[in-house]
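Shared between the two complexes below is chain A, which pairs with chain B and chain C, respectively.
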Partner chain A sequence: MAEVRGARVAATTLALAAAAAVIGLPVLRLAATAMEHGPTALVGALGGPLAARAVANSLWTAAAIAALAVAAGTAAALVTERVAGGGRRWLRAGMLVPLLIPPFVLALGWTRAFGPRGYLDQAVGVELPGLYGPLGIVLVVAVAAAPVAYLIVAAALASRVEPDLERAARMSGAGRLTVLRTVTLPLLRPALLGATVVAFIFGLNAFGVPAVLGAPAAFGTITTRLYQDLAFSASDAAFERATALATSLVVVAVVVVGAADALLGGRRAARTGLPAGGGGGQAGRLGVAILAVAIVVVTALPALALLATAVTRAVGLPPVPANWTLDNFGEALDVRTVGAIGRSLLLSSAAATIVLGLAALVLAGVRRGPGRLAGTAVTLGFAVPGSALAIAVLLAWGGVLRDTLAIILVAYVAKFWALGHRQLAGSVDALPADLVRAARASGARPLVVLRTITLPILRPSILAAWFLVVISGLHELTMSSLLYGPGTSTLAVAVINVQQLGDPTVTASLAVLLTALVALPALPLLWLGRARAIGSAGAAG
Partner chain B sequence: MSLQPFAAPPRRAPVALTVALTASVVLVLGACAPGASPSASGQPSASAAPPSTAASGSPSATADGASGSASPSAEASEAPTGSIILYTSVPQTTVDPVLVAFGEAHPDVTVELFRAPTGELSARIAADLRDQGRAGGDILWLTDPLSVQAYAEDGMLRSWSPRNAADLDPAYVNDTFWGTRVLNMLIVRGTDVEPTPTSWEDLTDPAFAESVAIPNPAFAGSAFGALGYFAQTSEYGLDFYRRLKDNGAIQLNAPDEVTTGVAEGRFKVGMTLDFSARSAAEKGSPVELVWPEPGAIAMYGPIGVVEATENAGASEAFVEFVLSQDGQEAIAGSGWEPVREGAGGPEPGGEQVRPDWAEAFGRQEELLEEYATIFGG
Partner chain C sequence: MRIGRPGSQDRRPNGGPAIVCRAVRLGYERNVVVHDLDLSVKPGELVALLGPSGSGKTTLLSAVAGFVPVLAGEIEIDGRVVSDARRHVPPEARSVGFVFQSHALWPHLSALDTVAYPLRRQGHSRDDARARAAVILDRLGIGRLAARRPSELSGGEQQRVGLGRALARGARVLLFDEPTANLDAALRTTLQEEIAEQRQRTGAAALYATHDTAEALALADRVALLRDGRLVQIGSPTEVYDRPVDLWAARLTGPASLLEVSVGDVGDGRAAVAIAGQIAPGVAIEGSTEAGSSPQALIRPDWARLGGELTGRVESIAYRGTHTDYRVSTAAGIVGIREGGAPRVEPGATTGWCLERAWLVRAERA
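Then we have the complex of A and B:
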């Protein structure tokens, strides 16, 4: 056992060292820059009425986004894991589609579909009131965050919650709602808390959506204020204000994530019995129908609106066949885009692989004390807005890594470590500890247990986490556009070049191409991956 | 080269997925290739260096006295060589033809490009300064005169005289930076909008109640230029923005969003840049430019050489090329009004008025704060 203990300590030490290098050092450099001229600048930056309002706006929208995304993700998970029969695969894939669409593109799709003079407005005179403003920001970011919450809750439902307990409760005469309230939800509590943390940080961090939807309502958040300060960062005061705002986001994240991690503690539960599902009844069918309609409305319609925009000759023309063209796709691409796509794929997959390795180190390491610290620390990178994190990484690592792909990789790992970690942590929690103990008791060495028991069970989660990071890397706009150098431009640089030309028909075309680029290989893989996840979870149980 | 550290293939599953992703890239790109070729939107690739339509001058054009960038008067041995880094926020479609034309005039100079929107570029420079004590680029080619003044004031820019700057409008000439193209803030209207606005003041008319869009000066430098002009002109002042707000005007972020909003019919009229409105109209969007009384608010995109450059020769040659007849023709060919007469491109459709940039620069924080009390942040 001492040998295992030693390995755990070594893993945690390594993970902490990596976290210090890619997250700790940059964040400290950022905070030091914010304090360059003493704490007065920091107070001045955060004390003004605009900044105070931005902080308040960020906090309440992030809370609303978290509540909405977790509620929607949980409801959807209950439908796909406990109710739906034949359509289960389609619903699962449908729930994950928003992952494939960059959030700012989703916002563009919503405005074209449901906004004033959007397609719905043109067709039947109906628009979504308040789309431009806090309501729209909360709705669209919640749609973007819901798949992440769904993944965490569905994984817990599939493997952590004990279906036998639910069945026992049903047989003893408890109604469906009573079972949900007294058995299922209490068992889901750790997953719900984890999903809430991720969705909250997701909302805190959102930039593209509030930038598009907030301006007409003069609704600023920390990230949009920060961007405006950066735009004027030729002035030292504005640059320091931007770094101060970024530091404030880190503080909020430490408080929220630290508290949640403390609450989560180290509880474990092993599942008994076969996975539930396939059950139905009228309420179940209603749930399936509602979920299907919701997916169509929040995802498919905006995506169609985007497609219609992409094939229309010019903005403001009706999307009738006479105005259709493919020219926008040509304008969206140039020769450099191809090389940039290659580099983006390389960077994203390298980052995903490294992130998984690091996440494994944290999870394999000691559970308490420093192990908990490492788990919380990796979330900080996710909390810092991309623009500020890029500056932080440039300040910390620019000396050695300037203008190389490696500096972008550092930023990606810092940013997406949390995504991979939280995704994997849920499944590792649900590992049947008895199986491992049984194998060890039968004389299997730790590596053999890892190869024959742990990895096969975790494979679907590892695949999902890997994909999540790759997709996030491909969609990442701000960081690489700040960090790239000659010969290391990424997809983001091409996207921003096109976006800055300001023609929504061309931006929509590029968005369609980007989505297709990720969706074509991802959908079948996710579909198969989830099917296998259930299979192997069943086998394990 | 910097790919080396990553040459090692990722682990097993990643390889298969990378292959799948790459395959789909090829599919996607292949699928849209037919759409790509006929559009020919004037986006040459800098590396392929085709004789683009924008760079209408033949190689012999460098002998043109006005261009002067090849410095025929200087000793031939002084021809610039080496590599320089260009930091710019100028749109890709404008940078590309200029780089192609420069490459023809100065084949011995390699220009490495870092292009990003103003916000990201300023942030990168701010980080550069803290990290290595100087801007990473040798040349700064920016979009609005505000940030360049901050850099000039900090002594970051080199003081010198381009040989071909003498015959430019003095409004575009400074000690350390020069105008390269003209941006006109004007009015865009929907083609079926009645009545047609004729002056800035008309935007406060009840006929356009709840249907005016303006860009956010805290977001776009060009919108700040407009704010500066109105604040400095006694008959408007910031009161103009108060009256716009009272008339129900809506603030968007970038001028392009204003053009889009008017094209979609969300707004009847708006304040935007001539390039944005002209591009939309040329593609067929139902919008028109209005050159308002007393004039479009004209500002210029500046260029300057970084004091700390280690290749002043090539950097200065680039700036002189951008100001030259050939450089100006390339800029005009990409749709912007040039600073040099006779270079072609769009012509002003009426009077032009200019903000006092030096004064606006000094009042940056104050103006933005007062604006925010009106339109919020």
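Then we have the complex of A and C:
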């Protein structure tokens, strides 16, 4: 027993050291740098008109995004889990498709589908007013965040809200809507709160979408302002402002997550009874239809518009076969982008592998005391918005690692550790203790149990967790755009750089390539119903 | 480790008990689940742990298996101390087989590989382990299911595989944690027979946790009654049924009625019993018969019969196929009577009845 205990302590020590290096040290350096000139200087840096407006813009758009995404995600979850019959599987997969598209690529798709000179404009002369600006940012980020809210609420509907509880209310005389109001929604409250927090952080974290849709309208958020301060200005004042902005992001994120954690506690409910069946009558069929149409409009059409732009010779031409060409891809795939694709794949798979190793260390280590500390650090890494984390990592490790792939890797590990950890911890916790006991009572030593029982049963979850981190890494733009140097740009960075040069067709081709890199391997997973695994990807964008 | 043979206990060097628990305390410092419990099981003996949920049955089994450490006391298996306050032999190094209430079948292994698993851990080659496992599956009547995964097996089939896995280790001690609790009534009976038969083949000692009285009485050589982590009574099935130590034990071990009675002089184990002014002569009396106490008579339904010198009114009748249960009200209380065959009287009728035996308990033990 003493040996096992020793191994656990060693695992936790290693995990804590890693957490300190990639998360603790950077965040502390960020805080120290921001406070270097005292709190007055910090407030002063935030008090400038541009910075103050950026903070306000970030806060209200994040709030609007959270409200919209949670409303849409909840409605969709009620439709797929309580109403839809045969088409349930397709609707579920459809709800999750936005997870496979990087949010800024989705924004590009929206501009091509609904923006000025987009296909809707070309076809019927109608464009979505305000797409460039806060309205567009809120809409597109909400579409990207909705699947995350959907997954949280749908999981709660499946596990926490017993269908039998709703049936009991029905047979007590409550109508459908009364059941929703008096039973379903009250039971969903923890999930709704959790989803709101995650969607708010998602909105706060958003960089690619405001960069694409906000810049033309001179609408800045904390993340885009940070990017401009860091990427286009070398002045000390700009850097000071950047650290101040980054600190404000950390504070907002930590306050929101901490408050939600305190409110949520550890409430659980077990499941019994029959699963909910389909058959929602007239209203139910209407719900299914609305959801299906919404998925097509907000996700499928923009994605198709982008694809059409990528294969059409020039912007403005109708996307008919006569105008089709693959030249845009040829132009997009120059030496630099091919290198960027390689680096993206390398960074993502390296981060995924390291993250799973670290997650295993935490899970194998002690559960109390220092083990919990490691868990907290991991959550902090995920909650801190990417822009702030990137600056923190730059401050802590820039001295030795600046302009190398390694510094991007450090940031990825810090950010995605929690993703891998949650995924793995979830399936480890769900493993019935009796399965391990049965193996021990059959004469297997702990390591043999791990090899013959635990790992084989967990293999699908481990694979799913690995894919999840790879997908998140390929999508990652916020941190990469702040940390890349000469010769270390990733594919997502290459797309946004080409976009800012203003070539829509080449941009579209690169964006399609980036999406295909993720979507092609992930689509079969979605269809296999492993969607839950890819699910929590959301807040990474 | 070989599969034990019937009667092998006679050839054991020390001939001592297979399981010994000495003052075993289990649980947590602030929440003790089992209190200083003493129990021993002889080789080849099956002791049923009978108690309601929360009485500590599963915790005790887990401690014997080595899943949880003991707070105090010691556990001995086959003459070797496996658990005390300082020592804890891990489960894989104890000679135990465990059958779980949850079946605990591994989702990624077929029935054959599940039963072969303990054999592999003993160093048998894959083919050898599978061949032996196939024999065990055949013996359990599920040879044709060898290739199936747990998700493709019914509850009864799953538990047979679980039983096969526990037997495969050839352990000196088998531990059963409510193995039939998740099965329906008909299946429960067949599986009980299966367990009894297979265990007798191996000659292993067994602890069998259950909250089903009929199961405990039918399977066990001895029944241990557990209440809040304490041993209330231990004895043969007839002992705990006929002579429960108190009212709680009586209710746990089977249906029982309680009547206020007064007892005449006991001679040769028999006495006249007055029930609400009526006299039942020659009732076999056991229990606390000291003078001066005002005892209650505990009456099993098979200790009374319809027809006789006492009178009562039939309140209700439940026909159960092999027998019929009557609830008869008397001035001293309601007495349950069980007789073979179909109902012989109508509900509401006045009927005579007689008392053949009674177990006297002091009223304050209620």
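One rule holds in what follows: the second predicted complex is superposed on the first by the 348 of 541 C-alpha atoms of A that agree within 3 Å, B and C clash if a C-alpha of one lies under 4 Å from a C-alpha of the other, contacts with A are read in each partner's own complex, and residues count from 1 in each chain.
Criterion: contacts are C-beta pairs under 8 Å (C-beta built on N, C-alpha and C of every residue); 3 or more make two chains touch, one makes a residue touch a chain.
Fair warning: this is a prediction, and the values are worked out from it, not measured in the lab.
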Chain B versus chain C as contact partner of A:G316, first or second or both or neither: first
A:A63 touches, of chain B and chain C: first, second, both or neither? neither
Chain B versus chain C as contact partner of A:A31, first or second or both or neither: neither
Partner chain(s) touched by A:R117 [first = chain B, second = chain C, both, neither]: first
Which superposed partner A:A439 touches (first chain B, second chain C, both, neither): second
First (chain B), second (chain C), both or neither touched by A:R402: first
Partner chain(s) touched by A:T452 [first = chain B, second = chain C, both, neither]: second
Touch count on chain A, higher of chain B and chain C: B
Partner chain(s) touched by A:R336 [first = chain B, second = chain C, both, neither]: first
Residues of chain C defined as touching chain A within the complex: 62, 65-67, 88, 90-92, 96-98, 100, 102, 104-108, 117-118, 121-122, 162, 165-166, 168-169, 175
Chain A - residues contacting chain B, complex: 33, 50, 53-54, 115-117, 211-212, 215-216, 218-220, 225, 227-228, 230-237, 239, 242, 313-317, 323, 325-331, 333-336, 338, 341-343, 345-347, 349-350, 352-353, 387, 390-391, 394-395, 398-399, 402-406, 409, 462-463, 466-467, 470, 478, 481-482, 484-488, 493, 496-497, 500-505, 513, 516-518, 520-521, 525
Contact set on chain A toward chain C in their complex: 1, 432, 434-435, 437-446, 448, 452-453, 456-457
For the chain B and chain A complex, residues of the former touching the latter: 1-3, 5-6, 10-11, 13-14, 17-18, 20-25, 27-29, 32, 34-41, 43, 45, 47-48, 85, 91-93, 112-120, 122-128, 130-132, 136, 146-148, 150-151, 190, 216, 218-221, 250-257, 259-260, 262-266, 276, 279-280, 283-287, 364-365, 368, 372, 375-377
